[in-house]
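The following pair of complexes shares a single chain, subunit A, combined with subunit B in the former and subunit C in the latter.
Right, the complex of A and B next:
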């Protein structure tokens, strides 16, 4: 049955119209639907797609219409209800939001504001951050596309005023127990963290929580802070804050390996600070750290274990095994690889978190030699056209990298591209293992495990239909107290057939065991 | 976490809270219309981040500070609550600002006046055609799910792309023939697609931009004005402004970058900024620009 709904002289912004169009087409019982403004050609299109009704002649170019072919009146009633719901939802949402028009305005309402999270287009970001610093407000700059020169100037100014300038591209922090942006629900404790990476902080803090300890403060610096150009200005400022924070007894530093001269300055400052400090320069040289009397970590998970040991007054030891024990892990890995078909030999890592993708590659590169990626460890291993092109041999992709996020939300918010890729990779007969992360917590997708488990199920069925066995290894970065819940997320992934390991490092080691079986 | 409180978002013409603000930027061509005196404005349509007035010099748009300046628009310095306005409400605009009941709501005194005319020398001199096409194509390849972008790659997935593909072919063929053919073919393309501004109108804006440089303003203007008769008020206004050679600041920055063969990073950023406009409008404009560059420009071919 063909039906028409018209809103005379009604103008809705394009984003709303597109959302309505997509949602209406998804409703059960809707066979075809066109949504748009009643212009001549759109009207012609309604006619040519067979959706025209008698009332359609009265539609004008300034009217918004929904023409649909539905199975019944009830279905069309549901369409109209859905449209109203989407339009109302949008207006209610707008009405309840509080948008202080300016920083001055916000400070007039709340004079005690002392931290601002800034998320604006990159070209405005430095100006907004400077404005906040001018008002004595600490900054967490979520935005990217700020130049190095701007970053340096902002950080120098912040240091001169003893303020924090976390970022640009700082996605995670927790100050006085309040999680900011992408963060998890973590116990309060005595371990203070400074990190130059978002999911690196999340991985360490969630494992600390899992082990029963907690965080005093978790500060971010932005990924470029430890480059020579910036000189670690904010890492030093944050480190100083933790050294002088009474609640912080143990300090953990997380970043990619810094420029040598910057590393030396930071390690010296940490050593002189007098608090036990664990340093995880992911993939970096532990000897340099030991020279300063600090404790190096071999992985993000190891950093968490060592910080927890120190917090409990124990001697930290390297953790590079499995919660289930190495022997069990080896047996389990063999069970998996025994089911695989000849020719299955490669791993595809599909990550929404950049730092944990990088960590997995660094833990594995010694065994594999080459890992192709959009964030390669060596320039020669760069995978060109990673978004649209095929993977190659052992490939790890960071879906949060620019190539995948232009015009799209970050994959931790919208993991759909990654989900599609999981299914695509299963079509390659040489693929044996797909390794994935699932980052939960504030700011992330409301249920990333559901989306991921659907694609895992499809991928495994696809392989099975072609006589292959696909092993999917997953890790969840999050806690049980997170809105999505770690246990609930784990159940969804396991129900879909994934093997869920307690950390990214363990997931990677498990994949290594399987690859060893496959390649001898 | 502290609960958000209801606060004073700047409201325009609200009886309780009246916060006058200075505009950040204004369209120079629009300002010239007020040299002969004030004009009456009526609220035409309101959105979250923009609103339109109708006036005898065409549609005039108020934009939130996160948007780029558009033809005949006023870029605000602070976010405003446009939803407080009812349709048909009267305002007055002159060179000093926008007023209601004799009180200025938005002042223009310190606003930056920007000429949004397309330079007639665009796509000449150092312009290299192939790199420009490559840059656009490379970006659009990752956005084939938006509007009519798939037409660049001969895609016909959406019902709109299937419907418009033969008409676009005719437009491109007509462009090689005469001004009259171009005008007629543009009319046949206008007003088709999802969105407030139907995708084909945005595509036409990009295509006619190049036509105006190659064939002169007159033909492009006639084509745009004729096409504007076939679409809704808001889209018609954009088409007519494009016919007059007026484009958004982001579009002009992109044209400038392509014209002088700017560095790849700058080009991609400029393309991405244009693409960010609307839901698919930006990508549709880029699609039109791509075909326009292909059909109308000469430029140095890549070595």
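Right, the complex of A and C next:
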């Protein structure tokens, strides 16, 4: 039986509700359940999950609903009871902290507030951000689905007031050593970063930390800042701040290749700033960067190595090898591929971090020609229905892309969908390698390696039972000082049989070595 | 040095909207952080949110803030005193023999809820304009009777709020602004006119009030002289009243004040006793004083340009209406009245209830009633039984008001002044609606009160008001 309960004009935030949906689905006798606000998105979900009843038509976006298909009325009552229990549990837990409803209320409690982290639904995000800017509060906007017009207006206002307007879709920053949202514990140093990409920042900063250097400031702009429409407003603003920051000696810029005119302006500004600057336009042409006397990087890892060299007063050289050395890597790759069955030839990349997924594809596309993806490098390689449908030949999936985050938290917070997919891919007899990331640090799941290692173990056993050998290549983006700990995470993955490489670029190169062996 | 470079030298203090774990991460690192219990502005209505943003444009916001401070100043400066009693037709401006005042925003006979119709019919019989209900109904529908909100005549009325020409009324004057306000005598609980009861028993009581009790009170008050109402309410709040749904302490204080004067009137002892017992037997006697006190406190804020403070909240059992100080007395923003959630008297249930009714929420508008629920643990059963709930209701109201009271204070909140001056902008921004303690009328006329509980004004009233503010000033 399908049943619906509606509560008019009750608002709960979607993350809470998604967690609750997940919990109630575990109750005995519940076939499917969805707890949410009646947004368009959730309405579609109710239809697609087959939970729709006639009464559902009256639900509006301001209504809270519980829809479930269960064995009996009693089970549905149990669902409602559980939902209420989980909803009130939260309020009891937070009773000691008073959560004011508005920024004004927050400023009464803490008048020195200077940074806002905003992750409310996109359609409300610009309003919240503008209110913060009006109060002179710098903004880090993690929400997506903010329009270009809204983004432009916010950034123009922020620039006029000399404020940061990082985002939309900016998930990573570190100001004065404080990690904001998705960020790692990085030692303090003299390398200042501005990045249009969240996991890009995390990858570069964690490698810098691993190499023994540190970060002065790490600022974000959001992925669209360097498009022509926005014109790099925030990249320029941040760059200017780093140029004038005494603690910053080296500057590192990270972005997908910008619009040409925007690139020219940024590079000119960086060149005139006079500080040694490493530029990583992931997959972009290094010549333009060199023309301005700046240092191009071939990968995120390379950017970190070059910044570290500059910080130490050394001449930066390209790093495109392995920490273990190329020979060892080749030997190791051969050991892996020798164990594989005939017919195993494809790689499946399953990522929670969008930028490092993109980087992996860009590093490999020259060898492979086609990589099918929900974030394809060229339009003809788009994998339709990536969430529900099968992968195709060499496939890389970004689980943080819209299709996968409908009705769910970001995969760095809830990596369960990706974990399920690891097992699914192992069933395909043509799959030789599964490549995964594991992003730790603040903001991320409390222990992403635990979930992931379970599914790696399952996947490898499954392949083995069918006479195949599955190689799982992993990279951990994080540091030992992170709450989850890089070493602890690494141990979990290795115990499950994964090969853990020190960077995304090295993991990708290792996969390339194996594919070369398999395909000749 | 740019402001961003200045930021690099400051201690980071974070405010977090959305995913709560980002806040917990800051707390776990020992950083300064505040999490917002965020809800979409105006419940997600983008058009209304945009209007709010227009009003928050800095130069306009400055004017609004100054205007709202002026309103708060006037509210706090009010000096309401009880000056005496009189007959509605003689004291209330614009009153005629065929005028019937009613609670809430304007409403026509055909849209009036049953309890209000019942009270109107009872009122017409009481005035001798109709001899029975049938005649009264025909007269009410004939167009001969002028219906007008109490609020348009310096008057407030609980529940149906029906005031007719010959009814005796309390006379309050806000001495700080020389402003008059009036309200009838409270009839008591149960089957009474204000809840729509209109049989002979009700009419007989109204007659006794006019002919027997009122003359005693009037003379007693003349002997006594003015009574400071603000002090009396302030004391009652310390004695467990919130002066809307609980008026036991305040009623006692009033009787203590005038008992000796009643004794010294020239009326027969029996009549004095009956008059005194009538006040004393009704715990809600004082409601009809706290209401005009609040009315006289709030009306002087009308006409402050750019003021977004709510000057009036009132309901007629069909619509809930609010008026905003800066938009003047002529503009009501209405929406269908909601149902009261609460406790029902034995034998009644939600099915029997009429939607929210009466002018009595002028008390909340002024910062008492539901806004002082924490001062009144005795009525806490209406809010689910826990004292903490009452404290929370009162505390949340500070998020939607301009300031705090200087006389009306709440002991359980360490004598903090109650939340005062509801700001339409804050209601829209926070999604927190004012909380109102109130009685519940039966949906049919003639039955009376069936329960009491809590209710909010509909959000649409505030949405319409914010749109009008933006259209007028932005």
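In this section, the second predicted complex is superposed on the first by the 427 of 520 C-alpha atoms of A that agree within 3 Å, B and C clash if a C-alpha of one lies under 4 Å from a C-alpha of the other, contacts with A are read in each partner's own complex, and residues count from 1 in each chain.
To be clear about the criterion, contacts are C-beta pairs under 8 Å (C-beta built on N, C-alpha and C of every residue); 3 or more make two chains touch, one makes a residue touch a chain.
Quick caveat: nothing in here was measured; it's all calculated off a predicted structure.
Undergrad: After superposition on the shared chain, which partner residues are touched by A:116: those of subunit B (first), subunit C (second), both, or neither?
TA: Touch status of A:116: second partner only.
Undergrad: Check whether A:278 is in contact with subunit B, with subunit C, with both or with neither, and answer first, second, both or neither.
TA: neither
Undergrad: Could you look at A:34 and tell me whether it touches subunit B, subunit C, both or neither (first, second, both, neither)?
TA: first
Undergrad: Is A:170 contacted by the first partner subunit B, the second partner subunit C, both or neither?
TA: neither
Undergrad: Between subunit B and subunit C, whom does A:436 touch in the aligned arrangement: first, second, both, or neither?
TA: The answer is neither, since A:436 touches no partner chain.
Undergrad: Applying the touch criterion given at the start, work out whether A:207 contacts subunit B, subunit C, both or neither, answering first, second, both or neither.
TA: After superposing on A, A:207 lies clear of both subunit B and subunit C.
Undergrad: Does subunit B (first) or subunit C (second) touch A:388, or do both, or does neither?
TA: Touch partner of A:388: subunit B, not subunit C.
Undergrad: Determine, under the contact definition given at the top, whether A:17 touches first (subunit B), second (subunit C), both, or neither.
TA: In the superposed model, A:17 contacts subunit B only, not subunit C.
Undergrad: For subunit A, which side has the bigger count of touched residues, subunit B or subunit C?
TA: Looking at subunit A, the partner in contact with more of its residues is C.
Undergrad: Would you sort A:42 into first (subunit B), second (subunit C), both or neither based on which partner it touches?
TA: first
Undergrad: Pick out the shared contact residues on subunit A: the ones touching subunit B in one complex and subunit C in the other.
TA: 11, 13, 15, 61-62, 94, 97, 99-102, 105-106, 109-110, 120-121, 124, 178.
Undergrad: Spell out the part of subunit B that touches subunit A in their complex, as residue ranges.
TA: Per the touch definition, subunit B meets subunit A at residues 1, 4-10, 19, 45, 47-50, 66, 78-80, 83, 139, 141-143, 146, 159-160, 163-164, 189-198, 200, 230-235, 269, 272, 275-276, 278-281.
Undergrad: Would you tell me which residues of subunit C are touching subunit A in their complex?
TA: Touching subunit A: residues 1-5, 7-23, 25-26, 28-29, 31-32, 34-41, 43-44, 46, 49, 53, 56, 58, 399, 426, 429-432, 459 of subunit C.
Undergrad: Quick one: in the complex, what on subunit A touches subunit C?
TA: 9, 11, 13, 15-16, 61-62, 94, 97, 99-106, 109-110, 112-121, 123-124, 127-128, 130-132, 134, 137-138, 142-143, 161-164, 175-176, 178-181, 217, 237-238, 240-241, 244-245, 247, 409, 413, 442-443, 483
Undergrad: How about subunit A: which of its residues touch subunit B in the complex?
TA: Residue list for subunit A touching subunit B: 11-15, 17-18, 21, 34-42, 44-45, 48-49, 61-62, 90-91, 94-95, 97-102, 105-106, 109-110, 120-121, 124, 145, 178, 387-388, 406-407.
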